[in-house]
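As structure tokens, here come the structures.
Below are two complexes that have chain A in common, paired first with chain B and then with chain C.
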Partner chain A sequence: MADAFFEVQGLTKRFGGLVAVDNVSFRIDQGEVVALIGPNGSGKTTLLRLIMGVLKPDSGRIIFKGKDITRHRSCDIVKRGIAGTFQVVKPFRNLPCIMNVMVACMVTKAKRGEWTKRLAVKARDALEFVGIADLSLERAAVLSHGDLKRLEIARAISTEPELLLLDEPFGGLNPAETDLLGKSMRRLHKGGRFGRLHSEEMVMLIVEHKLMDLMKIVDRVLVLNFGQIIAQGTPEEIASDNKVIEAYLGKGVILGAS
Partner chain B sequence: MLQMILLRGAMVGAVYASLAVGFSLIFGVARIVNLAHTAFFMLAAYMLFTATSMLGLNTFLSIVISIVLVTAVGVACYKAFLERIREHEGAVILMTVALALAFQELMLLLFSGVYRGVAPFIAGNVDIIGVTIPIQQLLIVGITAVCLLAVAAFLYWTNLGLAVRVTAQDKEVTNLMGINGNKTAMISMALAVALAAVAGAVVAPTYVVNPYMWAHPLVMMFAAVILGGLGSMKGSFIAAFILGYVEVLVVFLIPEGSFIKGAVALAIVVVILFLRPEGLFGVTFEEERL
Partner chain C sequence: MIRGLYKAFQGNIMAIPGRAMAFFCLLLLCFVPLVTQEPYILLVLIFVNVFAIYAASWDVLAGFTGQFNMGQGALFAIAAYTAAILSRDLGWVPWATIPCGALVAMLAGFIIAIPSMRLRGTYFTLVSLTFPLILAGIVLVFVDFTGGEKGISGVSALCQSRVAAYYTTFIVMVASVLAMWKFTDARSSLIRTGLAFRAIQEDEISARCSGIDTTRYKLAAFGVSAFFAGISGGLYVHVMRVAGPMMLDLLWSFSPIIWTIFGGMGTIGGAVTGVFVLYPVMELLRVIPELRMFVYACLVVLIILFMPEGIVPWARDKIEKQCPRCKLINAMSRQECRACGAHLHTERKKLETVKD
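Presenting the complex of A and B:
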């Protein structure tokens, strides 16, 4: 079998006695948009943090484009072409939005020492893409939650990743914002040039709590529960899968039943 | 009198400022409490002494050589001893104390405890705003000011400078944007040690060069950093001048009590910390805010 674009093999992470991610294996092929769903505490965020190198796995391997990237440092993983956004947005609060994005722009070309002005042009394109170019000179601390989420995405796409990991991108957004963000994602996936930003069929792994918002965007869904993958398939299959419904609602769905 | 206080205070403040700003820079970026910081200041003075008095090199060539060499020693120390234990703050402090003592003993071995002197870069005096002062003292202010401005320009106008500044704000997030935290830490270490070396080299002609000359500046640098607010370079800069002027004022107002200048300066730090425990420009770090 040919090498997958991105593959996770038997990944396990324990926090003390709790097995947060339990022997998880899956693969993502070129050109796919995959959703990773699961109830609260099922290990979705931990899995993303393992992939990004923030946490080190206890066992298992992560393979990206044929190269083993398990246990690499985050900065090296980003350089290889994986970028992620996080559930809890953490901007550099005292810096203007544009500077926040410029930091991420630096990775694409190691042209350090270049005057910051050059990066600013590219950073502005990223902000324009996510639709907050008018806020580019505001300090990140004054942004609303929805705008911060978009800033986070602008930062992630400025590293021009081939694989984009999004952790609850729709969390806390209103329906209009959700719609807008969904559109941006489809544009990213189709690929092309956005000003100076380049994207080529960006492969995405979107972590969400609910499947509803993602139905139209994703090709395939992975369902995680208690750190294990319990189902995978097309969104339609998953929506009617008994095991998935059970995971979300509990067995029998009767009040008081254990 | 007033002019004299202004000039002398500027000189003392400039020296403390270049030490304190460098210390803040490493602390902010790498979370390293570098107690060996002023040991590099001492090393630079000794290197300059060796180059000018023992090897008889040209003064300005010697200055450049000593600054470059001391910076190289600083970066080597970071790479060899500090980088691998960076996560353990206590170990880092012990290691920097060990480094400082090692340098002190090394200088004792090489140069013995004899007090050494370095000739002024440019001999003679100059008349300025109505007082006569040695040209060397003007050079101290001028050279440190240029170096501090250069560091500020680097931090605020270049991409690499931006990378260094954001590492100081949030190491984890910066790492997730593809910036190597070890590299930015090394750069800040190099900049900071270079600033300390510049200070050491320019003050050498006005100091008695001896193996223990790092202790008093270390205390004053610490006082400036704490007064200015831990982690704030702007705060360190301003606090360094406050302390410099306090020291000079004490010497001028009570000449017979000039030995208490350090104590008075530190007492002022204590008073200000009572009123503002976080220092003048205290910053909270991202990881502590959570």
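Presenting the complex of A and C:
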């Protein structure tokens, strides 16, 4: 079997007696957008955090572009090209938005000359991409939740990742904001240049329930329950999968014909 | 060229009241020996210069990366002893012993930092308390080398005259403080460490997930902090001409903490201001020796009670106003922003129009 773009093998994480992620294996191929869904507490966020290196797995391997990145530090993982956002936003509250993004822009190698200006230009492009460039000088603390979510995404994409992990990007957003963010994500997937930022068919792993906006770009859905993958397939397949319905609604529920 | 420099001076220093004030204070300090050559006053000012570097070096670590080091005295003392021994045994001149002492302190800083950096918050603080205690033990064991309780005396003097010593320490102080300020300034265009430090201070996990090698930056902060603590230690030993174990006293490590918190943490200028205010006050209080510590403590407690962020941020809030639109810093007295022309005091303006 050829090397996958990104692969997780038998990943396990225990918190005391609770097995949050239980022997999870899956792979993502080049150019794919994968959605990860599952009921509350099924281990989605933990799985993402394991990949980002915030948490260390108890066993299993994470392979990215043929290299084992299990137990690497978060900063090295980011440098290799995996960036993620947090479910609960974690901005640098007392810094202006533009500096929040500039911090992430520092990942790319320093060039001689006026590097602060270069960083600022690039950061501004990222902010413009997610649509909050007009707030670039405001402190992150004064932003609304929706704008903070977008700031998180700006920060993640400005590290120029090849694999983008999004943890509930639409959580707590109103429909209009969801629409806007969905649009920028679709554009991100399509790839291309945006000012100083460029992406080529960014591979995405998205934890999200509201898949309506993303239906067009999601190729595959993984369903997690009690830390295990119970189903995977195209969105249509998943919507009619009995195991998935059972996980969300419970057994014995009489379902209407679907 | 000169025109450009003048413009940069106007825009970057004179337009910002805080910086303008700091600039004039430094200018004033340049002329002190012309006004008075009283040896005692000069000596106090020399110590103020030396301790300003010491306090600022503590602020680099604590104010910017949040590592509350209570053993800064150990680094100071390592450099002081190194300089004293080099001067005594090898007869080196001060401008060679001081950098050597600072480098040794930096090395010692790294050796201390690598294991203790694994701890965070209070635990790091508790471990850091032991640095000077361990060092005191070592000093008392190797009596032949370190002089034990008596210390090392007969270190060569920094300069022949006191005025020269004053200017030397003053120049070294200004240079070190500027270097530390640039090192930690988030908007600095020379070096990117300042921005990384701010990010680490705000949210360490988030910083790491934005690709910042937090361990490396924290180590760098420790190294720079130790280096400048070493510079001040070296200067001190050449001014006092004696190195003794009193430098390993815990009070010696707490002093920079008191000065910096008094002046304002996380603003290198605050640490310097703290020393420039508190050290002379402490000297003035020698007129009432019995109540000296009591009055000093009361003063510090009162200031911290009413200006919890320290006197520098407090004063800055009074004289500076950030433009609500372009975020440029303006003098409080201006009505409109110097760059974008936005009204600075919108609330007051509104009230006036209502009256009309």
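Convention: the second predicted complex is superposed on the first by the 241 of 258 C-alpha atoms of A that agree within 3 Å, B and C clash if a C-alpha of one lies under 4 Å from a C-alpha of the other, contacts with A are read in each partner's own complex, and residues count from 1 in each chain.
By our rule, a contact is a pair of C-beta atoms (placed from the backbone, for glycine too) under 8 Å apart; a residue touches a chain by one contact, two chains touch by 3 or more.
From a predicted model like this one, the values you see are computed outputs, not experimental measurements.
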First, second, both or neither for A:P96, with chain B first and chain C second: second
Partner chain in contact with A:M215 - chain B first, chain C second, else both or neither: neither
Which superposed partner A:V78 touches (first chain B, second chain C, both, neither): both
Touched partner set for A:L137, first chain B, second chain C, both or neither: second
First (chain B), second (chain C), both or neither touched by A:I230: neither
Partner chain(s) touched by A:R155 [first = chain B, second = chain C, both, neither]: both
Chain C-contacting residues of chain A that also contact chain B: 52, 54, 73-76, 78-79, 83-84, 90, 92-95, 99, 102-104, 106-107, 114-116, 155, 159
Residue ranges of chain C in contact with chain A within the complex: 186-189, 192, 195-196, 198-199, 202-203, 205-215, 326-327
Residues of chain B touching chain A in the complex: 157-163, 166, 169-170, 172-181, 286
Residues of chain A defined as touching chain B within the complex: 52, 54, 73-76, 78-79, 83-84, 90, 92-95, 99, 102-104, 106-107, 111-116, 119, 155, 159
Chain C-touching residues of chain A, taken from the complex the two chains share: 52-54, 73-76, 78-79, 83-84, 86, 90-96, 99, 102-104, 106-107, 110, 114-117, 137, 155, 159
